[in-house]
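The next part holds the structures, each set out as structure tokens.
Next, two complexes with chain A in common: one pairs it with chain B, the other with chain C.
Take a look at the complex of A and B:
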């Protein structure tokens, strides 16, 4: 039985050896794509947008409008954070379409993102309201509900991280199992040299688990980050 | 192979990765594109405002020039009227002056004629008196009878000829 955990690509020989998983390598590839895109997009901005610039402006405007609608137009400085989050998550979740492991199918990735949102929630909440007012918010509506409030706040990143992780790793495992099942079916009917059953059938699973679920959960993650941060700030 | 739900170094890697990606995308994608789009919006708004102002100005100028044109037309009509009036006056003056001149000339001519006539009459009278004296001396020489008297007068008349006696 093959495990579904991230594979170790390389072990950096410092400390006791730092494992470099395929999650990190795939993230680097996605980063390279996105950074190339960003640098190319902003290299030559013209007043009248043509071709590629239209796409760039559409993406930025979409995220900008979404942020303005969800968080309010006074919080537009979150556009780069939400935009980066959204673009990275879309790429990461669709990474399964090219047969590689999604970086988001690793709890370390989703938890890292959720922790960043968690920090943003409390940092900007305290900054906007003032530390005193912000801390007093934990005693509302009644002071003895303080433990409840703290637990509720701590559960936010956990639920964010595990929602995305669960969906992505679920799809990843199902599709992995499907491929191995189809491979063994192919060999059962004597086609082990040419596992033809792997063509076609997985498309529907990819459509659902990667395309639908992937884009949906990118959107959910970003929307929830927006909502939590703006609630903490208002 | 790492465990499916296992926290490790990847967590630190992913936080750093995401922060780098955030920094780069903010610097190279979101800030320039948003700034560019905002400046374009501003530019378009300014252009529209500018165009509206220019249109308003043009309309104002149009009405101003139209009224000026009307004034000019009126002025032109007045100038033409004035000129016509003056020309008529001048013409009348000239005609009057000419008439006056003509009258003067006529008067002078009449005076000249009168003078000439007077002169002629005077000369005639002189001649007449001379003739009368001659006649008188002849009468004294001859004896005067009725017949001779008649004859003398007839002779006198003949001598004087058919000169007009109107004056």
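Take a look at the complex of A and C:
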């Protein structure tokens, strides 16, 4: 039985070989889909939207309203970042529906996204408040709490990354185990030529672990990013 | 001023964050303390110090999440 970690699918033959895991390949495919979508959606924009442009404007409006409600209307310049994060996470978490490994079931992807949020929290916090006030915030309420304040700030991206990773990899492992169990069960009752069990039985688990949990956790990740950035800036 | 609907989702996301935000500093303290102890051969001083610090940080995180909205009202 193979493990549940990301597999190396290809090795680029330069510098002693750069390994490419399936996480990276799936991320590239999602990037290609999103970039194509963005280029197609922003071409030929009309004042009165029709068809495809209508659907795109609904997405943009949803993210813009969410950002304005959560962060306040003075921080609307975060809409592109939050929108990208949300669309990427939704695509990445739903990737399990087509039977491939979710990029978010790899700690590297979730940690990279959490570090982006972490940098945004501290960069925009320092920019809005001024570097002096921002650094003084670490000494509050009492100066000897400095190491604890630093630990508290460092725990934010770790919590963000691990909760998304944990939920996604948990769903991925349960669904992988379910498929292998159903395969051995159907060969036991002599149905190995006709995979009826694998086709029908996991639907509920896909609905919960991929659709419900995936969309919910991308939403929570984006929401928490918004809340932390706006707390740091206010 | 945030709308009511946005506030609900925001608070739900924060509630689901409370649990993990309390456990991460404590486990981080355990690992960091064990690592420093193995480097300095000073078992178990740093382990205990960092676990206690982790517990304090866990409560600080909880306090920050819980008083997020109260602070805002005071400033206004």
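Here are a few things to note about the model shown:
Methods note: the second predicted complex is superposed on the first by the 233 of 234 C-alpha atoms of A that agree within 3 Å, B and C clash if a C-alpha of one lies under 4 Å from a C-alpha of the other, contacts with A are read in each partner's own complex, and residues count from 1 in each chain.
Assume contacts are C-beta pairs under 8 Å (C-beta built on N, C-alpha and C of every residue); 3 or more make two chains touch, one makes a residue touch a chain.
No experiment lies behind these values; they were computed from the predicted model shown.
In the overlay built on the shared chain, the residue A:3 is in contact with chain B alone; chain C does not reach it.
In the superposed model, A:123 lies in contact with neither chain B nor chain C. In the superposition on chain A, A:194 makes contact with neither chain B nor chain C.
Within the superposed three-chain model, A:38 lies in touch with chain B and out of touch with chain C [touch as defined at top]. Within the superposed three-chain model, A:212 lies out of touch with both chain B and chain C [touch as defined at top]. Of the two partner chains placed by the overlay, neither chain B nor chain C lies in contact with A:52. When the two complexes are overlaid on their common chain A, residue A:64 makes contact with chain B while staying clear of chain C. Shared contact residues on chain A (touching chain B in one structure, chain C in the other): none found.
Note for the complex: chain B touches chain A at residues 1-11, 13-15, 17-22, 24-26, 28-34, 36-37, 40, 43. Contact residues of chain A toward chain B in the complex are 3-8, 18-21, 23-24, 27-28, 31, 34-35, 37-39, 41-42, 45, 47, 56-57, 60-61, 63-64, 79-81, 83-84, 87-88, 103, 106-109, 111-113, 115-116, 169.
Residues of chain A touching chain C in their complex: 65-66, 69-70, 72, 145, 147-149, 151-152, 154-156, 158-159, 162-163, 219-220, 223-224, 226-227, 231, 234. Within the complex formed with chain A, the chain C residues making contact are 2-3, 5-7, 9-10, 13-14, 16-17, 20-21, 24-25, 28-29, 53-54, 56-57, 60-61, 64, 68, 72.
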